[in-house]
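Going by the order they are written in, the chains are A, B, C and D; count residues from 1 in each one.
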Amino acid sequence: SAETAAYVLGLGDDALIYAQRLGEWISRAPQIEEDMALGNIGLDLLGQARALLTRAGQLDGTGRDEDRLAYFRDEREFRCVHLVQQPRGDFAHEMARLLWFSSYQTELYAALAGSADEIVAGVARKATKEVSYHRDHARQWMLRLGDGTTQSHERMQDALNWVSGYTSELFFDDRVSVAAADSGIGVLPSRLLSGATQFVQSVVAEATLVMPDPPLQNARGGRDGVHSQAMGYLLAEMQHIARSHPDATSW
Amino acid sequence: SAETAAYVLGLGDDALIYAQRLGEWISRAPQIEEDMALGNIGLDLLGQARALLTRAGQLDGTGRDEDRLAYFRDEREFRCVHLVQQPRGDFAHEMARLLWFSSYQTELYAALAGSADEIVAGVARKATKEVSYHRDHARQWMLRLGDGTTQSHERMQDALNWVSGYTSELFFDDRVSVAAADSGIGVLPSRLLSGATQFVQSVVAEATLVMPDPPLQNARGGRDGVHSQAMGYLLAEMQHIARSHPDATSW
Amino acid sequence: RGPGGSFDALLAADQRIEPRDDMPDAYRQTLIRQIAQHAHSEIIGMQPEGNWISRAPSLRRKAILMAKVQDEAGHGLYLYSAAETLGVDRSELLDKLHAGKQRYSSIFNYPTATWADAGAIGWLVDGAAIMNQVPLCRCSYGPYARAMIRVCKEESFHQRQGFEILWTLARGTDRQRAMAQDAANRWWWPALMMFGPPDTGEAATGGHTEQSMAWGIKRFSNDELRQRFVDMTVPQADKLGLTLPDPDLRWNAERGHYDFGAIDWDEFWQVLKGDGPCNSQRIAHRVKAHEDGAWVREAANAYAAKQAARATA
Amino acid sequence: RGPGGSFDALLAADQRIEPRDDMPDAYRQTLIRQIAQHAHSEIIGMQPEGNWISRAPSLRRKAILMAKVQDEAGHGLYLYSAAETLGVDRSELLDKLHAGKQRYSSIFNYPTATWADAGAIGWLVDGAAIMNQVPLCRCSYGPYARAMIRVCKEESFHQRQGFEILWTLARGTDRQRAMAQDAANRWWWPALMMFGPPDTGEAATGGHTEQSMAWGIKRFSNDELRQRFVDMTVPQADKLGLTLPDPDLRWNAERGHYDFGAIDWDEFWQVLKGDGPCNSQRIAHRVKAHEDGAWVREAANAYAAKQAARATA
């Protein structure tokens, strides 16, 4: 159905756009090992995105392939959350984002391993191990930064406060998710909240940090294609060469 | 001829790309008056660019209009110098760039007012007053920053040093410029050097600053379409919406 | 008229209060707050449209948009100047904006998601602004009234430009038309909210309307202005060939007005209280520009002081 | 073989020198300089191709490119580790890179102007690098030789990927084909310069070739390797359907090699001395990453120290 396709597309877009942001770290990380680690996480997400977009293009009946969906959709047609769109901040901001996103994805893929859509289930089963590694990577850095120097502690706390304005959107039961959950293909986002939050809380405590107060402002609208300002610029960059060669059939 | 068209295109691209950079200042300037002033300068340059690109599209026989040339050329087909492509720096960097560029353009348009191409001559005559205002604006700020606070003096001097790596390209006699000068339509860039430099030198001295030593590294290649790294990203942003609607005939 | 005059007498005679005139402190404070909020709205309002300058899809549109956003900066300047006649200065007002102690119009906390939003802002947001502002051209405080005359003239130009963007899109490709319709869908309700909460009826929340009317600052109620805006805009939407996203919108021959559906005031209050889509972004953008420019302003002051000292030496 | 051994005897027997072995200080310093330069080249070499990760025109190519640039980081790590066996540490070497006291390969001072450059770098630059590096797999210093074996395996994979990018472009639209040809035009001569200045003849500038050969660090002269590269690459260009930008390039049956035109050594020295298209940009990018990450590395060290203290407490 259209809802199922849109649901899968949203999951794929989250992975695609976050992979795009993580790719920006390559050659800009605090140490060479981290260029590699963030590149690896980006590659895992890109792999998930390709599989999910391909599936979405089958489910929606348009037959669009992964590249058609990634490069030739307009901003309003993307369904990713604002969290993954945010411009690359400092390393603490990236780790705060990664901790929440990987904690969410860990719960998500665990649930989707039993999806009624065999392909989605397959993607989820393969990705489960990947995202659990991502989550552990974020956890290790949260500990180092939270329990490192005074400066790193403050920066990590600031980053946690910042990211809190972007997390509720991950767990919001929009119409499409509800429909996908009803059909047995998806899972209700709100069902993932407590597991993800518990993990984050435990890491935050271990890292001598505190969970932020509820944020004044909460990101919303991504699943309806209303994005944060950064998204248009991200797409301009990502799509420019492909859009510049509309008649190219192969790269 | 092809050379003449390429020459005019290069002048148009310089104006277009610098207008694009100046547009980024709007809502980001140090004071509201300066949002307006930089916007005005950008608008003047955009006006010059539109006239010159239109003329280039007539001269090269392709009949491409200003938008076709601005939005549907690839990076390698642009002919602007690296100076105008550089990402927006701090305000001192912008004033250093503007001082050099407007001093160059003042000499350029004075010479082109006698161009054998009536349209180019007309653009030049109209632009002469504009660029002399731009040059004066840059001069005023050089004085304030150079002879302002210790910090502003240092930042202004740093910016002058930085910009010196990008100025020689403005005055380089590439093949196309030589041909355009021979035909009486253009002017040899090297002929503009001493006038522009004299003006800059006088402002630098008045601003209690010093002319930098010759730079170790000199930008080159813009007139042959080999650009600085920033150019591709600038074009991605500028062209994205137009490229996303290849079948749109009107905006 | 002669110099000075009693505040009440001037008001009663529908004459202008000028800076030299005595005025009640509450009047002065109300005006400062309102003019500052208005000035801040112009300055913050540069951002949503400024977002499209670098990506405008034709050079002509790019030039028009740059000029328009620049005009907004100019409006901000007129208005800060008007406020300064009341004994405050611009930097003080900007500090209050940056600290969240003075507001700007909530409409600018909505994102500009597509190019068509540059059209919708001109058509709907500037249209609503004009409806609010035209009566202010007869405001009791002279400098504010004169600033508004100038602003209104340019705003109506902007409104036509916005209309023209949508007109062109609505006659373009399917995707361009869809973009125009989508923008109208997203901006219609927020534009209606620009007139503020209802003055009367269940949803009314008190507010300063009555006092402002007595002072000749406000001439019409929020609901009156909103109705006028709807009445003006619905035929324009028809002309554009766009649908407005309100199933209850229809002509009421009896009233001689368009009826329209219920406004979601919860959304209004949510955005006003800080939880709009772009609240923190707008202030952060503005504060960054201000902080990045601090050394430049300091240098300009230092240079001016040196020049003054040299002139007297 | 048994523990240790005399340096000269090991060299004479074409055996590997290991970290525990005595070695002349000049040998050690030469190796440190060469391995560090090699490691730096991998790290700086991430930038020109990294420039295309965000804009790669298909998701498959994006994934391949991300993996490739990541491999370069890995190569840098192996090589810094090899250098560390000689008694220096990575941070010291990086400081020298950042301060301009140690070099990286000049080829990375050229810009990547189009997507096709990602192909040309793989095909020509990695191709030339492999030609230089394969003999290093038999280098006299054990840790360096072992690192090179690993690096060469991955590089040849990258070289094939680059070739495949150009192959696809050359069979694509006219504009794609032109892009491939343009990239070949721009990268051909700089790739030939990667083998360094001539060892002999008028243009030779002395250098360390003879000593390095005696030490078993270098196995072939610059000109020999360059000729091999030309001989290998010309038929590949034919297969791609691309022209190499050298009118003097032709098969010489007598020599059994391709003849090729004169290299512009002025350009080589200009770029080497700092006036290449991207010299300052490459270092500035690298230094910024390093400085931006300083607080992170400090935090990691502080945490590790705390953990160690806790473990012993």
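Observations, loosely collected:
The criterion applied here is as follows: a residue touches a chain if its C-beta (ideal position, glycine included) is under 8 Å from a C-beta of that chain, and two chains touch if they have at least 3 such contacts.
Here the structure is a predicted model, which is why all the values come from computation and not from measurement.
Shared contact partners of chain A and chain C, listed by label, are B.
Distances between chain centres, each the mean of the C-alpha atoms, put B farthest from chain A.
Centre-to-centre spacing of chain B and chain D amounts to 37 Å, using the average Cα coordinate of each chain.
If each chain is reduced to the centroid of its CA atoms, chain C and chain D end up 59 Å from each other.
Under the contact definition stated at the top, the residues of chain B that touch 2 or more other chains are 74, 232, 236-237, 240. Shared interface positions of chain D, i.e. residues touching 2 or more other chains, are given as 55, 175. Chain contact topology: the protein chains form a pattern that is neither a line, a ring, a star nor a complete graph. Which chains touch which is summed up as A-B, A-C, A-D, B-C, B-D. Those residues of chain D whose C-beta lies close enough to touch chain B in the complex are 51, 55, 111-114, 175, 179, 182, 186, 274-281. Residues of chain A that touch chain D in their complex: 16, 20, 23-24, 26-36, 39-40, 42-43, 46-47, 49-50, 53, 66-67, 70-71, 90-92, 143-145, 147-149, 151-152, 155, 237-238, 240-242, 245, 247-251.
Within the complex, the chain A residues that touch chain B are 74, 232-233, 235-237, 239-240, 243-244, 246.
Residues 43, 46-47, 50, 53-63, 66-67, 69-70, 73-74, 76-77, 80, 115, 165, 168-169, 171-173, 175-176, 285-286, 288-289, 292-304, 306 of chain C are the ones touching chain B in the complex. Considering their complex, residues 74-76, 165, 216-221, 225-229, 232, 236 of chain B touch chain D.
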